[in-house]
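So, here come the structures, one by one.
One chain, subunit A, links the two complexes that follow: it is found with subunit B in the first and with subunit C in the second.
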Partner chain A sequence: MTHAMAGGHGVPPAEPEAGRQRRPLTRLWPALPAVLVLGVLFLGSMAFMVVFSFWRTVDLDIVADWNLDNYVKFFTSPTYPGTFVKTLVMAAVVTVTCLALALPFTYFLVRYVARRWQRIVLLAVIVPFWTSYLLRVYAWQAILGERGVINQVLLSLGIIDEPTRLLSYNNVSVYIVLVYVYFPFAALALYATLERFDFGQLKAAQDLGARPDQALRHILLPQIRPGIITACIFVFIPIIGEFLTPIIVGGTQGVLIGNPVINFFRAGQITQGAAFALIIAAFVTVLLIVFRRHLQVEDVVARG
Partner chain B sequence: MWSPVAERIDPLESMPVSPYARLTRRLLWVLAALVMAFLYLPIVLLVIFSFNEPRTPGLPITGLTFDWYAKALSNRVLLDAVRNSIVVAAIVAIAATVIGTMAAFALVRGGIRFPGAARVFATLPIMLPGMLLGIAILIFMRRVLDLQLSLLTVVAGHLVFTVPFVILIVAASLQGFDRNLEWAAADLGADSRRTVRHIILPLIWPSILAGALISVTLSIDEFVVTFFTVGPQLTLPIYIYTQIKFGVTPEVNAIATLMLGTTLGLIVLGMALVALRRRLRRGKEGS
Partner chain C sequence: MRLFDRHLTRRRFLQASAGTAAALALGGLPTASRLFAQSGSFNMMTWSDHFYPEQLDAVAKATGIMPQISELAGNAEGYTRVREVGGQLDLISGDALWVPRYYEDSLIEAWDINELEVAKTLYPIAREFPWWTTPEGYLGYPFGWSPVQIYYDPAYVSPEPDSWEVLLDPKYAQRVMVENQPEEIPAYMGKYIGAADPYNMTEDELAQATDAMYLLKPNILRLAQQNTDTVSALANGEVWLATGNLGTDERVLEAGGPELKLFTPKEGTIGWMDAEMIVAGGANSANIRPWLEAAEQPEYMAQNFILYGRPLFNEAAYKILVDNGHQERADRFLYNQPEVAATMTLKGPSPSTAAAVEAFNEVFAAG
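Coming up: the complex of A and B.
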């Protein structure tokens, strides 16, 4: 069965003596457990969620009564489309900030830091992942809050007279913490492409009369564009589904589109929540398909 | 904090130095240092609060104490949660590594017709919001299969996003694999099982190991998917979440600090072992 399907990808271009000894390294059966896990647990459960999203919840029970109300409710609601757009804006602003920080950061790292140390700095960028995400986000309350570090410093310097609330339980605190959480993804994605860049090209460009900024813009940027796009995807897309950061540091103002979804499920409104979750999922899936060439997951995670 | 730029090198020392080059480099250095401070400030605070006396982790620092460590280490619920997290992570890592590695072979070597589509499919569980996976699996387990939620459902949930990671990482290294080595092995009479064991696995084990490590890392701190699939037995992130809602005590900071210390210790140990092995090998070659 495997031979019939051979073609395209896994076949070596110039195979010596076609058809010899290609077993069983070219078989498909090893994929079976993965197909089961992803097929049943992932696709299967998604399929049921799609079905439920067209049903109704009556007294916390799911009733097989096909309708579009759950979807209609999203688009006709006075708040949810706005929250969705706000989430996209937040994701975009965080993405731009992460890039603006990660580009000079990784450029400095690759260009001016010894190779040994590059590894260690990268490791240091990843280490935060090995402590509790919840506690790290929670610690930001102690930085941004009314009695937090920033307020204490500003007060003791006499810059402000009373603690400012501009930094806690609002969009600003959500923004800061999201930049904090997603910066490492941007940095890793950019490092992966910058590392392959030959900096001699910049010198060549300058020898030929380009100003440093011209050399950066016309030589460096085009070559690291794939990394920039990968970084954008790995920051932008996860933020669309964020609900935890707003819960911990966002207060009532800082909610994102993930929060109402969670609230529906908490309130037992499963069919309604499923529809909302699927609207988000459809959006994300379209983005993933559009940018499928830049999904270098292994570049982002398998380093350091 | 430490300085990452102890031994600075410029690969292009012959480059014409514009008057701004030095300044640019200084500014970049400052920015990099600020970014590192930004990344580490919460962690430093997290650790400091584990030694701070007041019942709620936060400022001001009033006095140093080890009480929270003593309390954490005698808190049964917390310790059970830690144990559950470790058990789940271990099972998930082993299962995901085996399942994912096998699938990677099929994906790269099996002549799958639409490698691009397979790639998007494998990436979906990673990139879709965890919220969505958690909800879908919860609905499936409870409403469709009518299963009780337990640590097993948590393991199932974690497999959905760790298996794809292992597949993508191992597939990437298989793709760069020189197949002439396999054909050479076959010419020399090795059957495929021996080829896998003695040729392929030794060459790609770093990426398999990377897949396993990522699975552990992701599983042990996974909150969102666990939140939906967890039963009466808590995992550590779930315990911390209930604490955050009803008032964190520095006990969790103490546990988090211990876990961070342990991971850092393991990393240093691992690096030391690699360095030692390299030195031993070099010594052997020299003699």
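Coming up: the complex of A and C.
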């Protein structure tokens, strides 16, 4: 093709070579705005954070005195590593719960519900996004609290004699609210994958002698792996940075690692907060690399 | 697909999208932001009880100026924000000794508040607080004040408490609420252990205050984000003890809660008194004085007191309150004694903020 065009216009053979070299660059320019936005808003601010994390706050002033104290403080404190591990455990448990709830839900939705109704059900799943996150979490205070709906129902049914505090202002309430908040992310990610799955394969596997559970494990799960991993990313990683839900429904027991970070920023201890935030970010980056290894992007693209 | 191919190639589509994005980024967003910002506007960061919606609407109607308000959580946060964004903010509220700190760092302007006609309605003492006075002018327009009190429900709390110690009593496990201010709670405990300056404690004092916080933690149901959280938790009986401003008991009663009692701890307490500060180099500074002139009128201040119930510095508003049958309430909340504000341990920045926050986190960030 190139030769024909080149020959047709009498262009020397060297020019198409140069054209081929220039082409990728000219094709890149549509991405320039996004690259600029990402570079300035994400990498730029990240660079500030990195620099601040190695400086010191003295009497609310940021002093350019390079040191590792902020990082050392995190790892030598009796508090922060423990709270970080607790956060990871909470994020893992919530992620597993969201997957456990979202997988059968989306499976049923895709396989047994008419397409028209699927859209309506999916709409119901994302309806909570139309209200503010803060409002939704505050609403849970009214549900789980000592004078909340659950206690009122249990009292009226005679199941308890006095309001229980088992569901409020502790790790349980944080867990419940986080599952509620992040379930839609898991459901949407899984739905997107399951929607493209050919359920005839399950029938074929069973025709060839596989038990239903074997068909699910060996046929379905490997093929929806990108959706599962995406759901994990969408749920697990934001929870590591959560601080509002623990503040509002967690009381003093339900704190996560985002809470001390926000306390540092609120109190003007920016360098300390930056270091802690970067430790969390570094961990998230490592996790993403691990996820990426297991996520074959070309699978997702090829199906699209 | 055919239509796509015929009229708009993928390449053209990408180019058009990129062009649109670039145009938006370079020119569109500032234009949009100008469209959203009303012609008479400025950026204000303040506490939610410094205004009420009807007041803002009425002032906007009268002056054509409507502030874009962002909520202030604490003094350190406000100070840090102004340092970060400078003149992108135009007006910010701050407490007592934080105000001169802003000025020392050239973050706010000193000005003659008497340029405003409405300043004549302030108590004279409020125009002369030495820590807000500089040769260049006054550092802020005085707003309100209050000592931090301890409120309790006498139906559950006995004997009658008189000390910070009641907050640490194990029999009130998960029945206490304090506001989520990492630099303030160590100061409260500093008062309890008798620290000379609760905002600048020695290592030994801070260690004692930290021990006190360990005792406090199991008693706290949750840390309140705003005073409204405290009011609702006291009103619905979730908590029996809470720190709060003057007037919290009235607000609890109005919210359908029990009749509370209050006391000033015998070890002394912390107090706040705040002012509206004009940020140096604010892009909309021309709108601030006309807005303050209208928004700080005694009628609005009187209504603000009725709504939020802690003393303000506007003397003419006190007279309105007296004329309208609110004298008993106003006097009970020390509205007519602004000189008391000058006797409190005032909130302010301290060299030991980092250590105090570290201590707070050590206790309250442990899961």
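Note that in this section the second predicted complex is superposed on the first by the 265 of 304 C-alpha atoms of A that agree within 3 Å, B and C clash if a C-alpha of one lies under 4 Å from a C-alpha of the other, contacts with A are read in each partner's own complex, and residues count from 1 in each chain.
Please note the rule applied: a contact is a pair of C-beta atoms (placed from the backbone, for glycine too) under 8 Å apart; a residue touches a chain by one contact, two chains touch by 3 or more.
Predicted, not measured: the structure shown is a model, and the values here were computed from it.
Aligning the shared subunit A places subunit B and subunit C in steric conflict. When the two structures are aligned on the shared chain, A:P212 is found in touch with subunit B, with no touch to subunit C. By the document's definition of touching, both partners, subunit B and subunit C, reach A:W29. In the superposed model, A:L166 lies in contact with neither subunit B nor subunit C. Of the two partner chains placed by the overlay, neither subunit B nor subunit C lies in contact with A:L68. Applying the stated contact rule after C-alpha superposition, one finds that A:G44 touches subunit B and leaves subunit C untouched.
By the touch criterion stated above, A:L221 is placed in contact with neither subunit B nor subunit C.
By the touch criterion stated above, A:A139 is placed in contact with subunit B alone, subunit C being left untouched. Looking at the shared chain after the overlay, A:V286 reaches neither subunit B nor subunit C. By the touch criterion stated above, A:A204 is placed in contact with neither subunit B nor subunit C.
When the two complexes are superposed, the chain touching more residues of subunit A, out of subunit B and subunit C, is B. Touching of subunit A by both subunit B and subunit C, each in its own complex, is seen for residues 27, 29-34, 37, 145, 147, 248, 265, 270. Residues 4-12, 14-16, 18, 20-21, 25, 28-29, 31-32, 35-36, 38-43, 45-46, 49, 57-60, 98-100, 102-103, 105-113, 115-116, 119-133, 135-140, 143-144, 156-157, 159-160, 163-165, 167-169, 172, 179, 182-183, 186, 192, 195-196, 200, 207, 210-211, 214, 217, 221, 223-224, 228, 236-237, 240-241, 244, 248, 252-253, 256, 259-260, 263-264, 267 of subunit B are the ones that touch subunit A when the two sit in their complex. Here subunit A touches subunit B in the complex through residues 2, 5-12, 16, 20-21, 23-35, 37-38, 41-42, 44-46, 48-49, 52, 62, 101, 104-105, 107-109, 111-114, 116-117, 120-121, 123-125, 127-143, 145, 147-149, 152, 180, 183-184, 199-200, 202-203, 206, 212, 233, 237-238, 240-244, 248, 258, 261-262, 265, 270, 273-274, 277-278, 280-281, 284-285, 288-289, 292, 295, 297-298, 301-302, going by the rule given at the top. Only residues 11, 14-15, 17-18, 21-22, 25, 73-74, 76-77, 79-80, 101, 174, 180-183, 217-218, 220-223, 225, 236-238, 349-351, 353-354, 356-358, 360-362, 364-367 of subunit C touch subunit A when the two sit together in their complex. Residues of subunit A touching subunit C in their complex: 27, 29-34, 36-37, 57-60, 73, 77-80, 82-83, 86-87, 145-147, 165, 169, 171, 247-248, 250-257, 259-260, 263-270, 272.
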